[in-house]
Amino acid sequence: MSAFDRFLFVIFMVFLTISFNEVLASDPDMLQDICVADLTGKPKVNGFICKENATAYDFFTTVLGTPGATNNKQGSAVTAANVMQIPGLNTLGVSLARIDYAPDGLNPPHTHPRATEIVFVLEGELDKNNGKVPAAVIAAFNSQLPGTQAIAVTLFTSTPPVPDNVLAKAFQISIEEVKKIESNLAPKK
Amino acid sequence: MSAFDRFLFVIFMVFLTISFNEVLASDPDMLQDICVADLTGKPKVNGFICKENATAYDFFTTVLGTPGATNNKQGSAVTAANVMQIPGLNTLGVSLARIDYAPDGLNPPHTHPRATEIVFVLEGELDKNNGKVPAAVIAAFNSQLPGTQAIAVTLFTSTPPVPDNVLAKAFQISIEEVKKIESNLAPKK
Amino acid sequence: MSAFDRFLFVIFMVFLTISFNEVLASDPDMLQDICVADLTGKPKVNGFICKENATAYDFFTTVLGTPGATNNKQGSAVTAANVMQIPGLNTLGVSLARIDYAPDGLNPPHTHPRATEIVFVLEGELDKNNGKVPAAVIAAFNSQLPGTQAIAVTLFTSTPPVPDNVLAKAFQISIEEVKKIESNLAPKK
Amino acid sequence: MSAFDRFLFVIFMVFLTISFNEVLASDPDMLQDICVADLTGKPKVNGFICKENATAYDFFTTVLGTPGATNNKQGSAVTAANVMQIPGLNTLGVSLARIDYAPDGLNPPHTHPRATEIVFVLEGELDKNNGKVPAAVIAAFNSQLPGTQAIAVTLFTSTPPVPDNVLAKAFQISIEEVKKIESNLAPKK
Amino acid sequence: MSAFDRFLFVIFMVFLTISFNEVLASDPDMLQDICVADLTGKPKVNGFICKENATAYDFFTTVLGTPGATNNKQGSAVTAANVMQIPGLNTLGVSLARIDYAPDGLNPPHTHPRATEIVFVLEGELDKNNGKVPAAVIAAFNSQLPGTQAIAVTLFTSTPPVPDNVLAKAFQISIEEVKKIESNLAPKK
Amino acid sequence: MSAFDRFLFVIFMVFLTISFNEVLASDPDMLQDICVADLTGKPKVNGFICKENATAYDFFTTVLGTPGATNNKQGSAVTAANVMQIPGLNTLGVSLARIDYAPDGLNPPHTHPRATEIVFVLEGELDKNNGKVPAAVIAAFNSQLPGTQAIAVTLFTSTPPVPDNVLAKAFQISIEEVKKIESNLAPKK
């Protein structure tokens, strides 16, 4: 496989992604030059209060340099680089994430309730990952903290739980089938 | 049953609703007094172009006065009163909907990609509808057209379809189980 | 009177309402999942700081279930269900109110400086209330705290007062007529 | 009177102004470098469609250089410099106005439904105009078209009219007194 | 020179101004009636926390009444009237500034990263100041704190410094020429 | 050089970048599911009117897959992937760009008037490019069309030109030095 093939850089937004991510919440505009997040400071406000002593390191992270571990059921891993990892993003209205896919891996259907997403394919192909080699993308968001709701996991394993009969009716399956999905999706203990 | 019981007016937001509806997209502000939507006018723009001759009727609808028909699989009906029914809402950033529930009815899990929702219980109780009588709510949104994505239906019956193996992996079920859900959720022909 | 008549559910926006309420301020978008208002917490910020321990009750109120007392000069009562009654609405950008009207009652001309309003008629007719029975509406707003300025009361009874000669000139009436309106509109001691 | 006295430049926002103008609607952000308004172009949209051939003159006006005529009942004149006079302001979210006051003149209580206002006193003093010489201010708004609702005029002389009995009840005056105000405020024929 | 000439009041936006100031960031909307800035209060947030005891003086300043001292290299002086001088502007989304120009004076090219600007000419002419008498303008912004970046000063005298070879390459000049500009622009010690 | 070295993926925002890019204009929110830009359609509006027949290709581009040609004076090339290349981004509020740097290359100081920027380093190191091999980054913006103003080029080569004496005074250099910079920065004929 040539270097050219291996690093086919393409940007695209899959239609599946769009149908779930067309949320258009843009963060409120900033009111001063910088307001680096004090992530553990009190009180909590909409967003974060500002750190007293900001440095250049508050605007920097290396987490996106390392592929995430994809040896899990879905064969994928999301590495976030939002205001939680880069406190300097507070009030700036943008963030990034890296998603790695094992061969045949899938980032399950999800929504980002506070952002629109655009995807740059770093490596491999992205229609699920039907390839024989890993794939990776960089996703950009117009929010400092886009939020994520993995649909299947949220519906079938949240606390407090969505009642089984609600899920049975919503998906038109039996209570037993609901319980089976819940059991399969539940985190290993 | 007393009049008091029958019209127990309560407002509340169920947690399930919140966990799926905490989308915070507010519409752009208006730039003139009124811009009543010309729903079929060309060209299409973000929102709608303005009708030439607006009247008081463009700000009015009676659709919310009639309960929707709930004799369907889910036992519920949504009646919208947004910019499509009330053209005068164009650029105003608010809309309403009425949801009717048969006894044991359910409005299946969904998201509104362009709005936050607040719910006023018109009649009955709302934890699903476990009651013996119909229930009804008025939902208010901070968008002229909040949009709706019924999760199960969108995932299992959209066109073009989400591939069966993606759904199987997302819900950790077999391809056969995917096909069964698709068949149950598909609209009757 | 039939049940059908009695519960004629209509939604409409009176032109008077529009000419005074076409304010298009939408709240800033939220930056995290929830930020339940700590209504008495310090410091004060734009909106409210977030409560440390939120519960489901912060997203719920029963105040809209009870008609307000309309035995007053105007024959109307406004019951608010905004962030002050439902702290969970903080950062969510929506709220409700209930307005009850005695026969011949009037909700005096007013503006909501931070929201657009849409009105659902719960009971009775709403052109003032010309009916013989009470009327009630649910109003929805695209702000967590729309604010209200009752025009006559604000102009004629605010503290510090608008000078009498300003009001006389604005309404082209005499100082004596200004004083009479002030006296009529002043809250009873 | 010295030149210094005569041009006492002060900026302030009267409390009356604030209590009526604290509307916080900021215009939607622009999406390209310029979009000069085609004021008569079709179709109408939220704001204005863009002119094909913009020139430097679209960003300029001299209307604020001439004091308005204040020989009227209220003794004041508002000269607007918004998108209607400066088409280049379209999508820019700011505008100005000049208000001139005759001695003892008054700009009657009003609201700007789409903007906050800040006032710079060009000449004279501004508590009404109690001075013996003319006064003038420059008002700045955070909207390309702030809109204006003169409260008394809107309530008592709009078309279609607010019913007399509504106004009588709102201001707690007699129908005769309502009719007298209407007559005084109505534009001369 | 007549009083009329001397106070030729014109409003205009120079094209140079536009090409650098077409930034369209509008402040987030307010969520309560007033939130007067506590300028030194802790913690810092996006904007300012609210002062406990606001007075009318928080909405007022006289700084714009005095021409700034223009006896400097550029022959101009900017006097700001934003949230730092008028704490009541916090959350209100507008501010003003006064710029004075000596004969032949220049307000050097700059950007306002958080606002659009509109300019009212108070006195003199404004194409630089080519006149023989002082000129002055009032600038209005759609932000409580528009921010200012004087381009030459920011690039050549910031701390930490932009490396000389970056500036040499950017302006296609020699390192020696870079050092000369740095020396000329540096504040006198 | 190892594959690891060669693809050191880091994300960071250089302080120089921040000091010039802290512009916080977020695009207005969308009002429908999609509004794919009709890039040449009439009339022009804020943003773009919607294309009648959108396809999946409107959401996709391959331009970011090819490094830009960096054999120019600055040793860098910007490849945009905004609404002009991906019409489907219209109303979505996000875009990307790729910047390639030759060894010793520089992307000259600039501002993006309508967006905040976050940078992901694809290859090489980014403090200028002091390395011996090419460098490349992906930049993400919270606007569909962030705009770019290259400071030196805009000031010294725009049409109509900024007068030489303005530039001389702004940078405290001689008219001759201004003319030399203009000549060096002017595009080759």
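Going in written order, the chains are labelled A, B, C, D, E and F, and every chain counts its residues from 1.
As a convention for this text, a contact is a pair of C-beta atoms (placed from the backbone, for glycine too) under 8 Å apart; a residue touches a chain by one contact, two chains touch by 3 or more.
Chain identities (UniProt): A, B, C, D, E, F = Cupin type-1 domain-containing protein.
Model, not experiment: these values are computed from the prediction.
*Asks:* Treat each pair of touching chains as one step and give the shortest count from chain C to chain F.
*Replies:* Between chain C and chain F, the shortest chain-hopping route counts 2.
*Asks:* Counting one step per pair of touching chains, how few steps separate chain D from chain F?
*Replies:* Contact-graph shortest path, chain D to chain F, evaluates to 1.
*Asks:* Just going by residue numbers, which of A-B, B-C or B-F has an interface where over half the contact pairs are the same as at D-F?
*Replies:* Residue-number overlap above half with D-F among A-B, B-C or B-F: B-F.
*Asks:* How would the chain B/chain C interface be labelled, same or different, where same requires over half of its residue numbers to be shared?
*Replies:* Here the answer is same, because the shared fraction of interface numbers exceeds one half.
*Asks:* Can you name the chain that lies farthest from chain F, using the mean of each chain's Cα atoms as its centre?
*Replies:* C
*Asks:* Would you kindly tell me how far, in whole Å, the mean C-alpha position of chain C lies from that of chain A?
*Replies:* Going by mean C-alpha positions, chain A sits 40 Å from chain C.
*Asks:* Where the CA atoms of chain A average out and where those of chain D average out, how many Å apart are those spots?
*Replies:* Here chain A and chain D have centroids separated by 48 Å.
*Asks:* Based only on mean CA positions, could you tell me how far chain A sits from chain F in angstrom?
*Replies:* So the centre of chain A lies 26 Å away from the centre of chain F.
*Asks:* Specify, in ascending order, the residues of chain C that touch 2 or more different other chains.
*Replies:* 15, 22, 24-30, 33, 43, 45, 47, 91, 113-114, 147
*Asks:* If every chain is a node and each touching pair gets an edge, what shape is that graph: line, ring, star, complete or other?
*Replies:* other
*Asks:* Kindly provide every pair of chains that touch.
*Replies:* A-B, A-C, A-E, A-F, B-C, B-D, B-F, C-D, C-E, D-E, D-F, E-F
*Asks:* Which residues, counting only chain D, touch chain F once they are in their complex?
*Replies:* Touching chain F from chain D are residues 28-33, 35, 38, 41-43, 45, 47, 49-50, 52, 90-91.
*Asks:* Sort out for me which residues of chain D touch chain B in the complex.
*Replies:* Checking each residue of chain D against chain B gives 25-28, 43-48, 113-114, 143-145, 147.
*Asks:* Hey, which residues of chain D end up touching chain C in the complex?
*Replies:* 15-16, 19-20, 22-26, 73-74, 106, 108-109, 111, 113-114, 128, 147, 149, 151-152, 154-156, 158, 160, 162-163, 165-166, 169-173, 177, 180-181, 184-185
*Asks:* Sort out for me which residues of chain A touch chain F in the complex.
*Replies:* 8-13, 15, 18, 22, 24-27, 29-30, 33-34, 56, 59-66, 81, 86, 88-89, 91-96, 98, 116-118, 120, 122, 138, 140-142
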